[in-house]
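Take a look at the structure set out below.
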Amino acid sequence: MNLEGKQQVWKDYQKEIADDRYYYARSCIRQTFFPGSEWAYLDILKNKLGKDVLDDPRHTTCTGIGYHSDVVPVQTIMTVVARHFALMTEAGYENITPSCITSFGIYTEILETWAHHPEIEEQIREYLWKATGREFKKPKNLAHTSDIIYKFREDIAAQARYKLVDVHTGRQLRGVDHIGCHYAKMFPSKGIGGAEFPAVLSGMISSWGGDVVDYPERRHCCGFGFRQYLVMANRGYSVANSKKKFESMRPYEPDFIVANCPGCAMFLDKWQYTISEMEGTTYGQDGYGIPVLTYEELAGLVLGYDPWELGLQMHQVAVEPLLDKMGIAYDPEMKYRTKEGKDIGRPKCPTYLKV
Amino acid sequence: MHTVIIIGGGPAGCEAAYQLASDGIQVHLIEKNNETGGNLNNWYQLFPDRKNAQDLNKRLQEQLNHPGITLHLGMEPSRVEKDGQGRFSVSLSDGSLLEGDALLVATGFKTFDAKRKEEYGYGIYENVVTSVDLENMFRNHAIRTSKGDVPRRIGIIHCVGSRDEKVCNFHCSKLCCITGVKQAIELREMLPESEIFCFYMDMRMFGPGYEEMYREAQEKYNIKFIRGRLSEAAENREHQVQVKVEDTLLGRPLRVTLDLMVLLVGMEASNETQGMARELGVKLAPSGFILPLDPHYGNNLTGEKGVFITGCCSAPMNLTDTLNDARSAAVCITRYLNMK
Amino acid sequence: MGDILKRLREDIHFMEGFNSCMNCGVCTAICPAAEFYNYDPRVIVETVQRGDEGEIEELLKSDTIWYCGECMSCKTRCPRCNTPGLVIMGLRKVSQELGYFVHSEKGRQQYALKHVIGESVLKRGYCVTPDLVKPEMHPEQGPVWEWIYEHMDDFYDRVHGNLRKPGAGALRAVDAESMDELHRIFDVTGGTEFLNQIESYSREKAEEEGTDLEEGYFLRTYMENSGNHQ
Amino acid sequence: MNFWGFNISETRSINYDTNDKDMLIHVLQEVPSCKLCIECGGCTAGCTAGRLTSFNIRKLQMFMKRGENKEIREELHKCMLCGKCILVCPRGVDTRKMILSMMKYIKNNQK
Amino acid sequence: MYYDNFVLPFTIGLITLLVYLCVRYYKWIRSFPKIDRIKIRRGLFSRKTLVSIKEIFMESLLHHKIFKTNPVLGYMHMTFAFGWFLLIIFGKIESMVYHTSAFNPPYFAIFFRYFHPAKETFPGSETFAFIMDLILSFLLLGILLAVIKRFYSKMFGMKRTTKQRPYDLLVLTVLWLIFPARFIAESFSSGINGGGSFLTHSAGEFFATFLPLRNLSYGAWWTYSSLLGLFFLLLPFSRYMHIPTEIVYIFLKNWGVEQRKQYNGFSEIQTNACSRCGICINTCQLNNSCDIKDTQPVYFLRRLRNHEDFSVQSENCLLCGRCEAACPVGINLNAIRLSTRPDLTRVTKETYAYIKPKAQAETPAKVAYFAGCMSHLTPGIIRSMQEIFDKAKVNYTFIDEEEGVCCGRPQAICGNWKAAKVLMDRNQERIESSGAEILVTSCPICYKTFKEDYTLKIKIMHHTEYIDMLLQEGKLPLHKNDLKTVFHNPCELGRGCGVVDAPNHVLEQVSQRIPTRYDGKNSLCCGGSLANTVIDSQQKTKISTDTVKAYSAYQPDVIVTACPLCKKTLGKTSTSVPVKDIAEIVAAS
């Protein structure tokens, strides 16, 4: 693959990202499955990069999962999002940073729709006023939280305690990125690097010393498909799509997967377990899975955060092989304990997948 | 004696120059490159008769030896002005000035920049080439993958940069289909063992002998035609290209790995065509080509009196049509000059 | 123009997603649903383009429109700037408005989605919360999740969660005032009505079948798979 | 219902790389005119069996060309061999012989 | 006792042959289906046997049919068969007269001239000698013709003669040599001892002038006997097996044995009854239009007999039946060819399960019209039939107007009888549910199978017959016009079902029908036949072009046929003369 060609593409897809003062919009899935990532993101921004970021206790879900499950109408989700804009405006912020690809896609779509159809924006303003008595200004800048990390990836690299390098051999660690469909497929110009050769995560990997693997099914959906996962009967679709990706990336022997979207991260992690149970197949080395990280976790590891504080024990696929390669010190005893060190038992072992 | 200035020394400009000169008109032919022929210089064989393109090119060049024709090679018009009597003065890049009674724009087309279709990976994947690159490979008689192997499976992708809103080209370039068929046949002749696919949406076999050539490609050369537009290409570890299309006539997604992928790049108005249109205040069609005064009767005329157009600056055309169009433009100009 | 078409043309997703189709199949080529279901977004758009009311009605009553995963990969590709995914959203909306969704196995699942996601939004202010991911309903989540689920209260603290507590932070409880506002937004914008509509059509269907909506019918829509979808 | 409540779906994609093209080779040898098909669907439009059931001769031959032999095994016996399709084909494909050739292949390669 | 060792080759050969034939025929006949064996038992002592004997005389000896087709060829065959027959008969009589007993060993009559001392006279010995010489010369002339035919076949009005393989050439040579050998042996004996008549006597005297006959004569008799014995031993494995087999076949045929769908002993008998006269080669349009020269019955049957691969030849046949109509032996060529086509179908309960039965008609119409699949591509035929029904005020129901089912014959003619049977059963149900009394079809293919393979209890008519009936009953108003027509009788209709007169009647009543040499059962094939799966569309087009050319030579205004397939096929190539269906002509008149 010709890197220069890719760099040419990346040049065309550089979006504007605000420097500071972000209004944080949380994600239902991230907080459920990766609460440590959320904390790490806020902590990195505030304490490592010295940025002003507001975690507003009042905002709700964007209803995105309901919207894409077709149980929440478009006017409703627009008004819910408009309320978030109002909260942001009231708090004196102009830059909104959702921490979820579904939300990011929806925010982008809503702003685009309003740009094309001002009458809809007007209608939504009326709805919001009627329902909450609030008014809003549209955000000046919309960026996904990963965009922010991408923007400051070199600052993070400068503070890094670990690199994405195998400390035993000096080999660059191979990382596979998964940016999530709604990040750039709907509006390629809103994603760093565009939809075809996205750079938002691969940029982080490169900056932090790793090697990016561009495999054939890189762009394929993880298979969430909203209703296709949420309803049990449909999950065959969901897992099959992830499997397709695993099969395609396996020959490249990646050391880790980093995902943009909390949903994708969760699925790529959990489906490895399911596939191993159903078919006996594992995709990592020596019977392990391929560790799946969120970009916050990746940044956290590079910056030397404690893996268990980041919540890496919540992953079904063991992350220890990656930690070992990176030379990160961790206390295996503490993996499944509470903050206070209380023993609350440990998860059962899967049949095939080594943990 | 009348003088006509022709801008662009491709097949259209050359043929028009010769026709006008033969009618006793003084012709100035301006060509930006150091040789005439334009895009024809990049071609190996012509369709449907598979004649060597350079033979035709040579013939056109020889015609330019006519004493009535003055060639200005390596020149570009920097400014064009029209006086009250309808005479044109054209300043050339070397500072010289030409004067003429009529202006013929023959600035032609350029091929679509395949890099703009990122998902096809041109310039990124090692074994993705354009139809222009392939012509070059034909001329060197070397069809090889980046590793130097004989490609065992080759896919030809139609409609690259044509009929595609995503690159703002709504128009059909019309020649790519037959070019694809021709190239498939040429590939087969050089690589008798390879499997060759064409991924098309419609086979637009508009010219005489084209449909027959298409049929022959199927029957004699065993070229496989699959109706489905390329959606996405990816490179695997062996640097092969994995393509995803829908086999639309089966209604099922199709996955196939190619050793070499050829993009049939479409035609766009050349930068010079667009520049001349701006300079002369001539209207452009939404496709970016120059809009003729009337699509049936005035296809060599523009809204600007004394400014004529010919060849691919007004629409994608094959060589036959281009040469016809050039002759037709010559007739229009002669009549215009006689009425003046 | 028939009622369905009229409704479709008024739908913003449909408006944005449908221009004209030349059947090139670019959408189907990369569609994750076309890969695993008997599904072809190109054909959906073509059907809509033909504009036959009866045909579209049949489509709205079929499993077909429910196969899409709304990943919107199709939007990136279409050379005519259609978005079959958005067309699907329009079709699904109309199917639910007119009650056609209960005619198909996959359509009936809307009740399960309403029951799980819709109600969660209105109850908790989130689409998904840890307590919603019950291990018995989510065997694929694996033993680690089961362990987390069982020690939810002890565990989230460790990873800086603020589970069901006031204030900021992951998994915090949404305050009452915000919940009120959320409910009012649903009322004002038709969100509540839409959810009720799904429920009432589903209730009719459940009664017709003699099952209890929240138990038997819910479980059926959540788990039923005829296997005839490929 | 299994423990999971679902199975991993199988792909519907045609995988040309791995599909078995043995039947294709056999049929093309016996009926070279198959190469001439332009997939216009004329054969299918007038098909006697096609009026009564889902039989689609155009697709059948395309499935063969892609090596999707399972579809052929499922569909082939629906043909009545009436030969109407031959009269319609604008490219002179011997569609009926193609069917016979497939039948022959399947008969000779039964597992 | 009249005996010499040289008779041994002949005698052993003859006995071996007879034993072989008995075993062989017994085996074949035993493999017949029961019904056919019953027919033999019933026919054996009936008039049919006498009829057979007459036919054997006419065909096996006189070769009357070959004579009719080609006199020179007929003469050649006759000299061989009849000449030899006479030689045996008169020789036997001669020996009986001499011996005054009917019981003498079979070789005695054959080698009479050796055993009979020349000086010894008996009643009519001179006459017998004369007759025997006459027959021998007759035979020798036949051989001369055969030799000429082999090297120069055009003289016989044949484009080409049957090609032989080396073994056949050997047997042929042996056969050719038998009579010259007899001639030489008899001449030599005559040259030594006298006797014989104008041929052998004169030759004997002539040979005696320069040959040591005493040394040679005995050897000549050995040669003659050996050739005969060799011929008998070789015969069962050569084309000359047809000589005895044809006789057996004629008996069996007349007793009512039929060629069935399976290839069985009767097929073997027919295969062996082919004399390879080669007449089929010249009637075959694949030969005439496409230059295909290996598939005609003579070659096909030879492959069958020799157990060579016949799969291509089996399929490469239009089943137009022109060869069968011309075959002097009357072999069921189409049926045999069809019986060799393998059934590729496997019937399960899924087979054609999608064909649903039709509801019983509440008020049945008198006539049920079945257009046939192909007719739906020639809507002119259907519309004309509907007009005709309306004009004749016939109450009819259109069975396959919307959802037709194929008659099953296209499957059957590929050998796929199993699937065909399912189709036929389902279709029969649907036809019966109409409750009609007459089934009219526009397609001769359907017509043939309705008549032969279905068990319909209603009257089945092709539309030509039906229109003819309407005209005869005066139910159809008639206007004769000046249109000059020629009639192309579809293979399945004329030769296939014997419908010859009806279309001619109809055409004569509505137009100026020009008689052609292709009328009736001599009609050509249009080339569109579904039966041939080997030739490609260009070759079919060639046949059709030639057929159109043949009809166009009569300068008709229109070529009329009575089959949608013929109409489409001929119409494809006939650009100057329109091709119409008889129904269209009638409807327009």
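Order of writing sets the chain letters: A, B, C, D and E. Residues in each chain are counted from 1.
Simple rule for what comes next: a contact is a pair of C-beta atoms (placed from the backbone, for glycine too) under 8 Å apart; a residue touches a chain by one contact, two chains touch by 3 or more.
Fair warning: this is a prediction, and the values are worked out from it, not measured in the lab.
Least step count on the touch graph, chain C to chain E: 2. Any chain bridging chain A and chain E, meaning touching each of them, is among D; the list is complete. Any chain bridging chain B and chain E, meaning touching each of them, is among D; the list is complete. Comparing mean CA positions across the assembly, the chain most remote from chain C is E. Closest to the protein's overall CA centre, chain by chain, comes D. Two chains share more touching C-beta pairs than any other pair, namely A-C.
In this assembly, the chain whose C-alpha centre lies farthest from chain B is E.
Rounded to a whole number, the gap between the C-alpha centres of chain B and chain C is 49 angstrom. One inter-chain figure worth recording: chain C and chain D are separated by 37 Å, centre to centre, where each centre is the mean of the chain's CA atoms. Averaged C-alpha coordinates give centres for chain A and chain B that are 46 Å from one another.
In chain D, the residues that reach two or more other chains under the touch definition are 4-6, 9-13, 33. Residue positions 195, 219, 232-237, 239-240, 244, 274 of chain A each touch two or more of the other chains.
Shared interface positions of chain E, defined as residues touching 2 or more other chains, are absent. Every pair of chains in contact is given here: A-B, A-C, A-D, B-C, B-D, C-D, D-E. Every residue of chain D that touches chain B in the complex is listed here, in rising order: 12-17, 32-33, 35-39, 41, 58-59, 62-63, 65-66, 91.
Those residues of chain A whose C-beta lies close enough to touch chain D in the complex are 232-237, 239-240, 243-244, 274-275, 278-279.
Within the complex formed with chain A, the chain C residues making contact are 12-13, 16, 30, 32-33, 35-37, 66-73, 75-76, 83, 89, 92-93, 96, 106, 109-110, 112-114, 116-118, 121, 125-130, 133, 137, 140-148, 150-151, 154-161, 166-172, 174-175, 177-179, 181-182, 184-191, 194-195, 198, 221-225.
The touching residues of chain D, when paired with chain E in their complex, are 33, 46, 48-49, 51-53, 77-78, 80-84, 86-88, 92, 94, 96-97, 100, 103-104, 106-107.
Across the interface of their complex, chain D is touched by residues 34-38, 139-140, 223, 225, 230 of chain C.
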